[in-house]
Amino acid sequence: MTTLLSVDRVSKAFGGLHALSECSLSVEKGSITGLIGPNGSGKTTLFNVITGYEKPDSGSVTFEGTEITNASPNKVFALGVGRTFQITRIFARISVLENMLVATQRDEGWLRGLTRSKSSKSELVSAMEWLDFVGIGRLADQHAGSLSFGQRKLLELAYVLVADPDVILLDEPAGGVNLTLINEIADKILALNKDGKSFLIVEHNMEFVMNLCDRVTVMHQGADLVSGTPSEIRSNPLVLDAYLGGSDEDDVEDAS
Amino acid sequence: MNGTAVLHSIIDGVLTGSVYALMATGLTLIFGVMNIINVAQGIFVILGAYLSYALSVHLGIDLFVGLAITIPTLFVVGIVVERAFLTRLKGPERVVMSILVTYAVSLVIEGVLNLVFSSNYVELHAWYVNRSVKVFGTYLPYIYLLGFAMAVVMLTALYVMLYRTRFGSSVRASLADQTSAALVGINVKRVSTICFGLGVAVTAAGGMIYGATNAFNAASSYDLISRLLVIIVLGGMGSLGGALVAGITMVTIEDLVGVVWGPVWSNLSFFLILVVVLSLRPQGLFGKQSVRVA
Amino acid sequence: MPRLRNVWWLVALGALVLFPLIETNPTYTTIGVFTLIYMGCATSWNMFSGYSGYINLGSAVFYGVGAYTMTLLSDHLNFAGNGDQFWLIPVGGLAAMIVAVPVGLVALRVRRHTFVVITIAIFFVFQLSAINFSFTGGTAGLQLPLIPWLETNFNKPFYYAALAIVVFATLLSMAVRRSRFGLQLLAIRDDEDRAAGLGVKVFAVKLTGFTMSAFAVGMGGALYALFLGQIYPQFVFNPIFDISIALMSIFGGLGTLTGPLLGALVLESMQQYLAIRFSNGAYYLIVFGSLFLLIVLFMPQGIVVYLGEWRSRSKARRVEGALVVAGEAS
């Protein structure tokens, strides 16, 4: 296996708060990697650093051999790193289909947008395919703002997929979702993984993570504590300590 | 240009700047607590000035005594505007819509003031408006000193209220984070309304001083609001201390530029400084690093 | 359905073309010229501010630059007063676009409510400069060469030039709405950071939209200068223009195609009428401000969207769920 995405000793502080300190992580090609840790351990900040939303104070991020440490979000996405958010973010006042089309361009010069129509036939076809894949194809013409919470999660997944990224970062895909939908999402992830997509998943639902992931990294106080297979993690005493002790601090994700 | 002129302009700047700081504090308080940019603040200042004018011309009430009437009046006007128009604003465009709604309120008040008082320039008069006192070899009109004293008193009162009272701590909690404030049982809605009223009420005092130091008509509100907005953006929107410092600094710089390079440049400098500063520091001089909206 | 809509566009265009042929009273055709100028400017403003959510309250900068370009160039290039200056109208638009680039580079760096404030500040920089510098003629203003046309037909060329600007701005706005670029602007309006994370080059897109929207506004200013034959800094760099354009667009429906056209048609013709009827601007301010407040309170999406929803509701009552009339705001 080769390393697709690697994070090397990344640190990031907000004022006096060390959200990340020397955190390292790697995602192997074709794997589903889980990222767990108590609230405030810096998981979302790490996602923000990888995808270009935050600039790290030190350390580096590499994707397929290219350094993307200080790249802008659109650059990171264009290279092939897709991402969903903990609080789902969709474009509420345009249609579901148009939401998909925003993402189809991936790496197109900005001037090109002026001279082309908003969708080509092939883009429309693939947008509809992905909407059907996640199961909301029939809602294509509705305003995205009218979707339910679960449907928004699916839309966000679909419009990341339409750009055909190599690795997909999911921030709590199972958060606040009912059990049926959780299983559905897990199935989709497995199916996509079979087709060669790699995943990095932040999730609090342990069962979800342990069933799905090949490898799991545990974060604690801004650093990576241990990495290993789900069974190794389950039996590691350090992990239990991390979850039971010292998680009284404020949630860094909210502070950032 | 000589030393006395420079000194004079600095003293002038600090004295008048404090009045701007007072009006800007009201504006930034409203923004900080409610996330509303009250573009009508300029016309409220003029409304305050006209009220003082009407009281002094028609009833012979002294300008400072008249504040006992005009400040509560503008407090009520503020509350009415907030209840009628601003509580209804919701959704993602709320801040921007608040700018347009208060602008529309401002247009209506401007129209009414034009009808009632015509568009001729007027000035406020009192014995202390026309007489001066000699300080450091330069003559200062009493009204500048009185205005400064009043601004200091009102700002102190505002700060005492914010930092020493129970209501003040709810305001500061709402300034920091509305959602958490609501969670700990603060009636954010009521706090907002009262803050809007307070933020507007200070314009009555500011307007009286403005009217006593400048000839004004309803259209003077554009000049005022543009300056107040520049001040609160430079100070960092929602920062009370920032508004105070930026208000005094900007007006002083403006006066200094007027003395050194000529009055042509003084107005311009006010806005150019904002443009330059924001190109370098998009969050304003004293603003916190912009927080990403999740 | 789309065919019916096209028919309505043609009917509206036909009515506007025929208006000065039927109504020859110069008082009313003058109202027509001003109204069309505002329709063009509002449509162009909406193409950026309405689509992207970045409310520009300094669009008079473009208007004024267009007006001064027209005036100064007709002087420097020794245009006689024979109407050849009509060719300078697009030049005024280009000048506005050139000015828009540095303005946008500064203003678009900040978050959107600070953007509003900074556009106001930049507007005052331009207004004060025009008042203070000598090449603009200062507060005394500047004159253009007199065009010696007969009063009865004087307004017609201006009217049709203004109509051409409206048609241009509308077609451009329509094209942008259908392009990938327009979709990117809408995505920026809804969630700028998210759009960036989906590959949209947000700053380049915003700057391009901002600059494009300057063109028709600059042309409007140039035409205004030519029509009046004289300009003053406080009239071409007018804060009321800034706010009017914005309020007209929101009145009709922000981000829709017909909203700004309708808003400007109703409000500007009303303003001109009230100005003639009362000769006191105060009434207009009161009526204009109040109308806007009423709209915000009762139809926050603007008239066009409100009517669209109302129509689709009544239709839905008749044909259960057969047709979904997608509001143009979508």
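Think of it as A, B and C in the order they're written, each chain with its own count starting at 1.
Keep in mind that, in the parts below, a residue touches a chain if its C-beta (ideal position, glycine included) is under 8 Å from a C-beta of that chain, and two chains touch if they have at least 3 such contacts.
Just so we're clear, the structure is a prediction, and the values are computed from it rather than from any experiment.
Trainee: Select the chain whose centre, defined as the mean of its C-alpha atoms, is least distant from the mean of all protein C-alpha atoms.
Mentor: C
Trainee: In terms of CA centroid distance, which chain is the most far removed from chain C?
Mentor: Farthest by centroid: A.
Trainee: Could you grab the centroid distance between chain A and chain B? Build each centroid from C-alpha atoms only and quote it in angstrom.
Mentor: 46
Trainee: What whole-Å value do you get for the distance between chain A and chain C if each is reduced to the mean of its CA atoms?
Mentor: Measuring from centre to centre gives 42 Å for this pair.
Trainee: Using CA atom averages as chain centres, what separation in Å is found between chain B and chain C?
Mentor: 31
Trainee: Would you give the residues of chain A that are in contact with at least 2 other chains, written as numbers and ranges?
Mentor: Correct list: 53, 85, 92.
Trainee: Counting only residues that touch at least two other chains, what does the list for chain B look like?
Mentor: As it turns out, chain B has residues touching two or more other chains at 92, 292.
Trainee: Residues touching two or more other chains, restricted to chain C: which are they?
Mentor: Within chain C, residues 190, 193 contact more than one other chain.
Trainee: Show me the residue ranges of chain C that touch chain A in the complex, using the header's touch definition.
Mentor: 176, 178-184, 186-187, 189-191, 193-202, 204-205, 208, 324, 326, 329-330
Trainee: In their complex, what parts of chain B are in touch with chain C?
Mentor: Residue list for chain B touching chain C: 37, 85, 88-89, 92-93, 95-97, 99-101, 103-108, 110-112, 114-115, 222, 226, 229-230, 233, 237, 264-265, 267-268, 271-272, 274-275, 278-279, 282, 284, 290, 292-293.
Trainee: Please name which positions on chain A make contact with chain C in the complex.
Mentor: Touching chain C from chain A are residues 51-53, 72-74, 76-78, 83, 85, 89-95, 98, 101-103, 105-108, 110-119, 141, 143, 159-160, 163.
Trainee: Can you list the chain C residues touching chain B in their complex?
Mentor: Result: residues 53, 55, 57, 106, 109-114, 116-118, 120-122, 124-125, 128-129, 132, 190, 193, 239, 243, 246-247, 250, 280-286, 288-290, 292-293, 296-297, 300 of chain C touch chain B.
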